[in-house]
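Before anything else, here is the set of structures, which you'll find just below.
Next come two complexes built around subunit A: one with subunit B, the other with subunit C.
On to the complex of A and B.
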C-alpha cells in the first residue's frame, strides 16, 4: 500500500527552479533515502510539499491518497499534525528550550486529537525510542539531555501522533559515528510498525543499510534511483560513485603519510575540569591525566564520542583552553599559561574549528579575516607583504581570488572552511589543530577538505592534531591515534594496528560503527 | 533558585551600603547648605539650627548618627519641611508613586508586548512598519511633551478627563498621567519584543513546532514568546524601578503628590536627609527589581537557571 507518492515535483524560488520533476513512492513500512550533496535540493524536496518552506511548489505529492500540493495552510497543518512526522538535523536545537520534555510530547500527542495522554502513555512513547530513565526525563528540560538523547526525544515527538510517514531530514549528520548507527537502527525498528520513512542524507553508504530504495539528487534533479543495494554496489552515474567514494571507509588501503620528525609538542598529565553545571559545588573532570606527543610532520588523531573530552584536551594543549594541571612543552620548552602565550609561540599552532560560518566574523571580508593573524602575530610585516601572504594562503587552499572581497555569509560551507584554513596557515604554523573541522560538511566537501589538508601536510611538513569522531576520516591524515572516553585516553598507538586490533571496548565500538 | 536568591540578597547589602556612603558624601561635597536661603539669616539662629540638626559634628559622626537612625527605620528629620520627618514625606508620596508607576507599568507591558507580537507576525509588512514607526516615535517623544499634549486633547478639548490633581486616587484623575508615563516604556518594550521574536522565530525549534502541525498562534505564544521576552526582562528591571519611584516630570505636569517631587525639591533645597532617603529607597527598589528580573529570566529560559 502506497503511503506517500511524489510525481513531477517542482520547487522554485523567484522563477528559478530549485528542484524539478522529482518522483518516488514510499509504501507502508518502507524506507526511501533521498541522497545528494549540500544544495542538491533534497531538503526542499521533502519539506516543501508540506508547506514548511515559503516557496511555490508544483506537481503532485499524495499522502495517503490526499493531494498536498495546492492544499490550504490549515489543511496542510492538519496533514502534518495527523499523518506525517518530521525530524531534523540539529538535535540540540530541535526542542523548545523552555518546555519540559513531557509537556512537548503531550502537546504533539494531543495535536492529533487523541485527547490528553496519561503519563504511562508518554513513558511508553519514550521507551519506544530507546531512552533510559524515562520517568525522570519527562520532567526535565531539553538542555539537561545530551545530543543523542535529545534526538530520541525529537523522534518521540514526531511519532507521538502515530503518523503514517516519518520525514527525517539529515537525522544523523550531527551525531558521532556510534550514535549515528544507533539512531539508524532505531529508525529501522520504527518501520516494523508500518511507519513509512523518508530519509534524507548526504551520506549514501550509511543510509544504504537502512533504505529499501535510494533516490540520488544532483542540482535539483533525480539522476539515479533504484534498490539500495544495487545503487550502492553498481552505481550507474559518476556523481553517485563520487558520493559513495567520498565517504571514507576503513577497508581502503592506508594512505601514504609524510615522514615524521623529532617530537614537536608533548603534553604530560594534562587535567582540565569545569564547574558542574547547575550546581554551586563540585567540578566535572573533563580531561584526566592525559599524556601524548605530536612529532614534526605527524598527524595525530584524537578520537572519541561526543562528550569524551577530546576537544577540551586538544584546546588545552594548543593553549586555547584552560588547564588545571600538567605540562605542555614545545620542542622541549614548557609553554606558558594560556593568557601569557607570546606571539612567538602562538603562531606555531593554529586552529580550525567545526562550524566555519560561526568561526568567521560575519562583518569582515575574507581578505581581512585571513590577514588578521598576521596583523597580530607578525606586526612588522608591511601591508604589501601582508597582502601577498594573504593571497598566497588563499591560493594554497584553492580559493578563487575573486572571493577575497566577499563576506562569510555569501560563501558555501566548504568555501568558508577553506577561508578558516587559510587563516590558520597564513602565519606558517608548524601544527594545525583541526577540531571536528569536517563534521559539519557533507561527504563530498569534507573529502575535498581532507585532501587539501593532506596536500598541505605533505608540502609543508605540517603536524596535525585532528579531533574527530570519524575514525575512517582520521585515518586519511593521521598515522597515530589516541582514543578518548570519559575524559581519559584509553588507547594510543599506530592507526593501522589500533584499527586491526582494538584493545578497549570503546575503540572496538568505534571501529564497528565506522565499518 | 534559592541559592540565586540568597546570593543576590548577600550582594545587595554591600551595594546598598555603598549607595548610602557615596550619596551621603556627595551631598556634603556639593556647594551650599540647607540654610543658605535668599534672605540673610541671623548668625545665632543659623548656628542654633545647625547645632540642632547635628550639622556641626564632624562628618564621620554625622554619618554614624544617620546610619544608626536608618537601622531603626528612621530617615531623619526633613531640614526644610520642618514639621515632617523624611519617613512621613516618603510615606505620603510613595503610595501615589507606586499606584501611578504600577498602573503605567502594567499598561506599558500589555501594550508593548501586544504591539511586538502583532508586528512580528507581520514582519516586513505594512502593519509591521507602521507599528515600529509608532513605537520609535513613542520612545523618542519625552513625557513633558506627551503629558501636556494629552491634557490639551483629552482634558481641555474633549473634556474626558480632569486636567490634573490626585483626588485621592480617583481613576479619572489617574488616566492621563498613567498613559503619559506608560507610552515611552510601551514603545521600548514593543521594539524589544519585536526584535526578540524575530530572532526566536528563526530558530530550529520553531520549525519543529510548525512541523508538528501546531497552529501558528500556538507556535507564537507557547513556543516563541517566552524566550523572546528575555531582552524585555532585562529592560524591565531598571525601567520598573524608575517608573515606580520617580516619575518626576509626570508628577510635576499633573500636580501629583508623589515621591518625584520630593526628590527634586529636596535636591534644590539641599534637604540632605530627604534626598538621601529618596536615593536609598530608589536604590533598594532598583536592587529589588533587578532581582525580580533575574528570577524572570529563569522562568523565561530554564537554561539560565544555571
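On to the complex of A and C.
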C-alpha cells in the first residue's frame, strides 16, 4: 500500500527552479533515502510539499491518497499533524528549552487530537524510542539531555500521534559515529510498526543500511534511483560513485608510520576543569591527567564521542583554552602559559576548527583573514611579500584567487574551510591542530578537505593532531590514535593494531560504528 | 501601519529643517517683534504665530529641535563611548574583574538618575555642556550590559580564538575582531538611547534645569506652551508634536534595526 507518492515535483524561487521533476513512492513500512551533497535540493524536496517552506511548489505529492499540493493551509496543517511526523538535524532546537520532556510530549499528543495523555502513555512512548531512565526523563529539561537523547525525544514527539509517514531531515548529521548507528537502528525498528520513512542525508553508505530504495539528487534533479543494494554496489552515475567513495572506510590503507625520533610535542598530566554550570561551587573535570606525544611529520588522532573532552584537551595543548595542571613542551622546551605565548611559540602550531564560517571573522575579507597571522607572527615582512605569501597559501589550498576579495558569508562551507586552512599554513607551522575540522561539512566536501590535508602533510612534513569522532576519517590522516572517554585517554597505540584489537569498550563501540 | 521608509524620511526632514531653515526665516529665534505679541498662526511674518513676548514660534521650534537633537546626539555618543569601553572590558577580562565592574553598574542603576543629574547641575552650575555629559554619564548603563553580553558570546567564537592563535595581542583582537562585530547591535541600542535622552533633556528644561533663555529647546517650548495653552494652543501643539514625531521615528528605527540584527 502506497503511503506517500511524489510525482513531477518542482520547487522554484524567484522564477529559478531549485528542484525539478522529482518522483518516488514510499509504501507501508518502507524507507526511501533522498541522498545528495549540500545544495542538491534534498531538504527542499521533503519539506516543500508540506507547506513548510515559503516557496511555490508544482507537481503532485499524495499522502495516503490525498493531494498535498494546492491544499489550503488549514487542511495542510491537519495533514501534517495527523499523517506525518518530522525530525530535523539540530536536536536541541527541535525541543522547546523551557518545557520539561513530559510537557513537550504531552503537547505533541494533544495536538494530534488524542486528548490528555496518561503518564504511562508517555513512558511507553519514550520506551519505544529506546530512552533509558524514562520515568526520570519526563521531568527533565531538554538541556539536561545529551544530543543523542534529545534526538530520541524529538523522534518520540514526531511519532506521538502514530503518523503514517516520518520525514527525517538529516537526523544523524549532528551526532557522532556511535550515536549515528544507534539512531539509524532505532528508525529501522520504528518501521516494523508499518511507519513509512523518508530519510534525507548526505551520507549515502550510512543510510544505505536502512533504506529499501535510494534516490540520488544532484543540482535539483534525480540522477539515479533504485534498490539500495543495487545503487550501493553498482552505481551507474559518476556522482553517485563519488558520494559512495567519499565516505571513508576502514578498509583503506592507512598512512605509513614515520621514523621514530624525539617527539615534537609532548603533553604530560594535562587536567582541565570548568565551573559546574549554574552552581556556585564544584567543577566538572573535562580532561583528567592526559599524556600524549606527537612526532614530527606524524598524524595523531584523538578520537572519542561528544563530551569526551577531546577538543578541550587539544585546545589546552595549543594554549588556546584553559588548563589547570600539566606540562606542554615543544621539542623538550616547556611552552609558556596561554597569555604569555610569544611570536616564536604561536607560530609552531596553528588550529583549524569545526565550523568553518564561525572561524572566519564575518567583517573581514578572505585576503586579510589569511594575512593576519603573517602580520603578527612575521612582522618584518613587507606588504608585497605578505601579499605573495597569502596568494601562495590560497593556491596551496586550491582556492580561486578571485575569491580573495570576498567576505566569508559569500563562501560555501568547503571554501570557508579552505580559507581557514590557508590561514593555518601561511606561517609554515610544524603542527596543524584539526579540531573536528571536517565534521561540519558534507561527505563529498569533507573527503576533498581530508585529501587536501593529506597532501599538505606529505609535501611539508606537517605533524597533525586530529580531533574527531570519526575513526574512519582519522585513519586517513593518522598512523597513531589516542581514544578518549569521559575526560581520560583510555587507549593509545598504532592505528592498525587498535582497530584490529580494540581493548577498551569505547574503542570497540567506535570501531563497530565505523564499519 | 507605518510605511517602511517613513520614519527615516520624517526624521531626515526634521533634522534638515532644524539645521538649514532658521537663517532663511524673517525673524530670528531671539528677536522680539513688538507688533507681533501672541500673533496667531498664518500672521504676516510669523507663519506659525509668535509667543507672549513676540518671538517667532517657527524659528524657536526649529532652533529648539536643533538644541534637543544636539544634546541627544552628544549624550548618546558619551553613553556609547563609556558603555562600550566598560562593557567590552568587563566581558573580555571576565571573572572577578567582570563581577566588580558589573556590580558598579548595578549600583548606579539603583540610584535615582534624575536626582544625580539635578545634583550635578546644582554643584557645577548650569551649562549646556554639563547637560550633555550628565545625561550621557547616566545613560551608558544599559549599553554596558548589552556590550558585555555580546563580547562574552563572541570571545569563545572560533574566529576570535583563531586570531589569538595568529598571535594577535588582546587589544587588537578586541578592536579589530570583537567590536566591529557588535557595532550593529550597539548602533541599534544607541538609536533606542537617543529618544530616552531627548525625554530627559526636555524634562530637565521643563523643570528649568537645562538650557537657558534665550536659547531654547523643545522641552522649554512645551513648558511655555503649556503655560499659555488656554490662549494659544498651537504654541504647545507645535513643539510637542515635533517632539513626539522625533521620539516615535527614533524608536521605530532603533527597534527595526535591533529586530533585523536579532533575526
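Methods note: the second predicted complex is superposed on the first by the 507 of 515 C-alpha atoms of A that agree within 3 Å, B and C clash if a C-alpha of one lies under 4 Å from a C-alpha of the other, contacts with A are read in each partner's own complex, and residues count from 1 in each chain.
By our rule, a contact is a pair of C-beta atoms (placed from the backbone, for glycine too) under 8 Å apart; a residue touches a chain by one contact, two chains touch by 3 or more.
Because the structure is a prediction, the values reported are computed rather than measured.
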item	value
Overlay on subunit A: subunit C relative to subunit B, clash or fit	clash
Which superposed partner A:143 touches (first subunit B, second subunit C, both, neither)	first
Touched partner set for A:108, first subunit B, second subunit C, both or neither	first
Touching partner for A:15 - first (subunit B), second (subunit C), both, neither	neither
Subunit B versus subunit C as contact partner of A:50, first or second or both or neither	first
Which superposed partner A:380 touches (first subunit B, second subunit C, both, neither)	neither
Which superposed partner A:363 touches (first subunit B, second subunit C, both, neither)	second
Touching partner for A:332 - first (subunit B), second (subunit C), both, neither	neither
Which superposed partner A:282 touches (first subunit B, second subunit C, both, neither)	neither
Contacts of A:355 with subunit B and subunit C, given as first, second, both or neither	second
Colliding region between subunit C and subunit B, picked from 40-48, 112-120, 130-138 or 166-174 after the shared-chain fit	130-138
Residues of subunit A that touch subunit B when the two form their complex	50, 52, 77-82, 85-86, 88, 90, 93-99, 107-108, 111-112, 141, 143, 154, 157-158, 277-278, 280
Partner subunit C, residues of subunit A touching it in the complex	315, 318, 320-321, 341, 343, 346-347, 350-351, 353-355, 358-363, 372-373, 375-377, 420, 423
Subunit A-touching residues of subunit B, taken from the complex the two chains share	3, 203-205, 207-215, 222-223, 226-227, 300-303, 305-306
Contacting residues of subunit C [partner subunit A, same complex]	157-159, 161-169, 172, 177, 180-181
